[in-house]
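Next come two complexes, and both contain chain A; in the first it sits with chain B, in the second with chain C.
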Partner chain A sequence: MSQQMNGEKKPAKEVLRGVVEQVYQNAWDAKKRGEPIGWSSSKFPAEIAETLGLAVCYPENQAAAIAAKHGGQRMCEHAENLGYANDICGYARISLAYAAEAECEERPMPQPDFLLCCNNICNCMTKWYENIARMRNIPLIMIDVPYNNEVEVSDDTVTYMREQFHDAIKQLEAISGRTWDEKRFEEVCSNANRAAKAWLKACSYCQYTPSPLSGFDLFNHMADIVTARCKPETALAFEQLADEFEEAVKNGTSTWKYKEEHRIMFEGIPCWPVLKTLFTPLKEHGINTTAVVYAPAFGFVYNNLDELMKAYCKAPNSVCLETGVEWRETICRENNVNGVLVHYNRSCKPWSGYMPEMERRFRTDLGVPVVGFDGDQADPRNFSEAQYITRVEGLYEVMEANKQQEGGV
Partner chain B sequence: MNMEMILKHFEAAAINPKGQLKEYIGKGKKAIGCFPYYVPEELVHAAGMVPFGVWGSNHKTIEAAKEYFASFYCSLAQLNLEMGLDGTLDDLSGVIVTTLCDTLRPLSQNFRVAVPKIPFMFLAHPQNRRKEYGIQYTISQYVKIKEKLEEIAGHPITDADLKASIKVYNQSRKARREFVKLAGEHPELVTPIQRSAVLKSACFMLKEEHTQLLEQLNELLRQAGPSQWAGIRIMTSGIVADSPGLLNILEENHMAIAADDVAHESRSFRVDVPEDTDPVRALARQFGAQDHDTILYDPEINKRPEYLVKLAKDSGVQGVIILMMQFCDPEEMEYPSLKKALSEAGIPHIVIGVDHQMKDFGQARTQIQAFADILATM
Partner chain C sequence: MELKYTMGIDVGSTASKCVIVKDGKEIAATSLVHAGAGSSGPAKAIKEVLEKAGLQEADLSYILATGYGRHQLPIARSQMSELSCHAKGAYELFPDVRTVIDIGGQDAKVLRISAGGNLDNFVMNDKCAAGTGRFLEVMARILEVDISQMAEFSRQSAKRVDISSTCTVFAESEVISQLAGGSDKCDILKGIHRSVAGRVSGLVRRVGVVNTVVMTGGVAQNSGVREALEEELKTTIVTSPLAQYTGALGAALFAYQKCIKEGNMDVTANER
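The block that comes next holds the complex of A and B.
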């Protein structure tokens, strides 16, 4: 992909956007050529389809994009008219509506010929993909990651994962008529590792005070690590992003154009339909988001097949409470946060189900104020602006009081 | 014992789990709480302990559990935690908690940290459960549970013990399946509340005791002769169906449950354990054969809706009542497929939202009355 336009280098965020656009374009092109197109859950081992050269789209990424472009409610309502309860995850409802061919101009993508489902994200994913398989009458390849109650991934789980991985390859070879190439697989893994390292490096710049970025940038760039982590251009784009942050640190600039009086962790997936509303009180009070949990969740590096299996066992909703707390408290400490804003996401039962206990642990372990608000990643009907503003103000007041007590800055 | 006495015995056990537990403990037994779903109770039984089903409660209010869960979680999960927090489960020597749905994942963690005094056994089932690698994974998890149970019991579980327990359980499952059929054939003799009590009491009784009584009841039902009952036969589907308030409304409307697809009921005793092989492997093979469930991955994609339509037809029911557990996304996710399959087969159905905290049955009563009227005219 060209990074030059009119002789000037494109900023990394544009390059990253281009990488994601290309993923969708590749899928359209492949569809046109008559090749089978896959839909994949965000943490299905992407190495498999990439090695086989198959174009894949990511319904979670699509749903987030549709929600951010204000199509979430319309699509959710379409799914509800098909009989899906409004209690079901908003991403799932949007995706099911799209699979049922609801009109949608916000983020079109080709309809699938096969499905790649991995329930390391959640159990809802299993039924979501089964429903699409029924609607479209297409094959579903399932890699099951049993929930882990321990910090380490057991040998039994690695064995189970490895067997499923090989089985998934066989199934996808049969669907696509393509043959597995071990050498290509090694290249793909190498690309994925390089992209992951560059992603983690870019995320690590949140450690600087002031931060050269807002954590919300990472939510946007996450699209690349989800949809294109095995592609060399993704690694290049993240390396460029890290270079830009390095430069910004030197120059004292930031993508966060407001004051940085306070630094918080934003816990959970953002409410995509109301991003501006989320920002408003944060901007007003000089609160920058310098920690989000996606960095450790999607920035995984592995050195061999067993480590790859273990990496795919670790997603925010598939790890035990202690690991979840450790991930978050590590980034909170590294990135010097002095408050935590928890999104009780109506769309995500597993994630929100750990939060009350995590809140208590953050308060005790980190000694920072923690405030929660009710929202939804995709359905704007589950978000109350008034409640959100009140909660952010509450958080601000405590952070401000703490700052005064510590002697101010 | 006559039929009335047997039914009263089951009802007494079903409404008084605490009393049942005290009685077993008084006899020197240990009891292990078995949370939903698919806990291999045979392992507990083979260790000489009493497997005790923990499926929420119709008599508790969610209070302390609110410290761990926002409002949008099913009452079953919240009440299981509540009973851990309020001391109801204190007499148990351990609990086995599974994670086949998105609420059970955080429940497992919340229960483990919130109720540290009760030994916690975590059980992760595989969704790719049928293939050999899935069976091997199930075996590995069952072995871990077996080892912890041996620690609690203070002695090893031998293969002979386990094989004997598997026999006891297969006999119990067979008797319960027969009872479901017989109760459907004889609504004049078994009301919906009594049917529920018979099935629910199996959670709180040693299975050999339960089966002994149930086989007597089944025999009496078999001897009863052809039924002249002229009400409406329905099938229920859902997670639990033990609310006396709701079951009363069925009775008021001359409805009988002739078949069910309820997790707490038939889904839990559909599949027997093979008796011809290594017993832990046999238990894993049984889980591999489980199917047609909202919380299980369905590799054959359309099998569940097809199975339920066939079950409804084979049972001769006139309609289906879906008892939709509030906030249960696996059940909600499966509903559109079920709705389509039932509609295409010409089987009427209604959906009634339920949870354990339900006090006002006005809306459910109206829905059921209207449904009964429709079915009566068909």
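The block that comes next holds the complex of A and C.
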């Protein structure tokens, strides 16, 4: 991929945007050529389809894009008119509406010929994909990840995963008529690891004070790690992004254009339909988001097949509370936050369900104020701006009082 | 030395409350109008409090707004969230306060106050109106009881009728069914108070019950809810006749602090 434009190097954010656009374009092109294209859950082992050279789209990414472009409510209502309950995941409703061919100009993608579903990211996913498989009468390839009640992934689970992994390959070979190439698989894994390392490196720049970026940037850039994790151009773009952050640290610049009076962790998926509304009171009070668990959760590195299996066992909603707390508290400490803002996401019951206990742990272990607000990742009807602003202002006032007590002002 | 008057105005969803404080120490006047954000309530409350205090707007050194409608009040020089203001006001009224339960028109919040009177932590209700003043208003209307009489009626209950629906709309239907089935109004009211207490006590437990527990906001005047909460939390809850003014009082005290900090006591609010 060219990173030059009129002789000048494109900024990484543009390159990253181009990588995602290419993923969608590849799917359209493959569809035109008569090749089968897939829809995949965000943390299905992407290495399989990539090794077989199959074009894949990601409904979660599509739903987030539709929601951010204010099509979420219309699509959710379309799904509800089909009979889906309004309290299931907003992404699922948008995706089901799209699969049912609801009009949607915000982020079109070709309809699927097969589905790749892994329930490590959530349990709603299974029924969501089963419904699409039935609706469109297409095959569903499922990889089931048992919930990790313990911190370590057991050998039995790894075996169970590996068997499913190999079975998924066989099914996809049958669907596509293509043959598995072990050498190509190694290349793909190498690309995925390189991209993951570069992504984690880019995320790590939030540790600097002041931070050369806002965590909200990571929400945008994560589209690449979700949709194009195994592609060499993704690794290149993230390496460029990390280089830009390195340069920004040296120059004392940042994509956060406001004062950095406070640093918080934003917990959960953002409310895509009201991203600006989320951002406004934060910037007004000089609160930079320097920790987000959702973004680095998609960066994982492995050295062999068993480690790959283990990596796919660990997603935000498939790990036990202890691991979930440890992930978050580590980035809070590393990224030096003095408050936490928790999105109680009406779309994501598993994620929001354990948040009251996590909140309690954050307060006790980190000694920082923690504030929750109600919202939704895709359905704007579940968000109240006034409630959100009051909670952010309350968080600011507590952080400010703490800072003054510590003699920081 | 010239007296300094500062005003706090708490523009809630259902009522507007003003408090004028003299030299950050003494309450000079209060006012309450049962009309909140987006209505004529704030202007009426300001007019009334100024009349009671015998002051003009220009006599006020600083006006600070809080509550749901705090950002829609051009007269105010600055705004603070009702969380900090309730904490401040409660600490002024009860210096040993460690937990504040505030149930307002459309939200419920629980605050943890440090020994020094700072707001350490808080939790608020979710988007649902259950467990808020609005829930009680709806129930009072169906039962044809004035909201100020709810506690008195519930105290006459011989056997509580539990209201199991959390949702205000479903609870309304449930109450109508109970009435149609011949249940006693007093027993239903006791169940309604228990329902609010059940909802709010969940929030309190998330912050932790640390004495002294103080209840503020309009619902604090309903001793039926307060007693149900005491029973639920197994602790004593104190309140003040000024409960509904707590946020405005805190705002007036913050206004005074800001005056002192800025050393700019005699500039009128509109000019700043």
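Here is the rule we use: the second predicted complex is superposed on the first by the 406 of 409 C-alpha atoms of A that agree within 3 Å, B and C clash if a C-alpha of one lies under 4 Å from a C-alpha of the other, contacts with A are read in each partner's own complex, and residues count from 1 in each chain.
Everything below uses one rule, namely that a contact is a pair of C-beta atoms (placed from the backbone, for glycine too) under 8 Å apart; a residue touches a chain by one contact, two chains touch by 3 or more.
Not measured: the values here are computed from a predicted model.
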- request: Would you check which partner chain A:Y344 touches, where first means chain B only, second means chain C only, and both and neither mean what they say?
  value: both
- request: Considering only the touch criterion stated at the top, classify A:P273 as touching first (chain B), second (chain C), both, or neither.
  value: neither
Field: Larger contact residue set on chain A - chain B or chain C
entry: B
Query: Is A:P356 contacted by the first partner chain B, the second partner chain C, both or neither?
result: both
- prompt: After lining up the shared chain so the two structures overlap, which partner does A:P316 touch, if you call chain B first and chain C second: first, second, both or neither?
  reply: neither
Message: Just to be sure I read the superposition right, which of the two partners does A:L82 touch: chain B = first, chain C = second, or both, or neither?
response: first
Message: On the A-aligned overlay, A:P369 touches which partner chain: chain B = first, chain C = second, or both, or neither?
response: second
- prompt: Taking the two structures together, which residues of chain A meet both chain B and chain C?
  reply: 344, 356, 374
- line: Within the complex, chain B is touched by chain A residues 82-85, 87-89, 92, 119, 122-124, 126-128, 130-131, 133-134, 140, 142-144, 146-149, 154, 156-157, 159-160, 163-164, 167, 317-318, 320-321, 344, 346, 349-350, 352-357, 374
- line: chain A contacts chain C in the complex at 344, 356, 359-360, 363, 369-372, 374, 382, 384, 386-387, 389-391, 393-394, 397-398, 401, 405
Query: Touching chain A in the complex: which residues of chain B?
result: 67-70, 72-73, 99-103, 105-110, 112-114, 122, 124-128, 131, 133-134, 136-137, 140-141, 294-295, 297-299, 301-302, 324, 326-327, 329-330, 332-337, 339
Task: Report the residues of chain C in contact with chain A in the complex, numbered from low to high.
output: 68, 71, 79-84, 107, 118-124, 126-127, 206
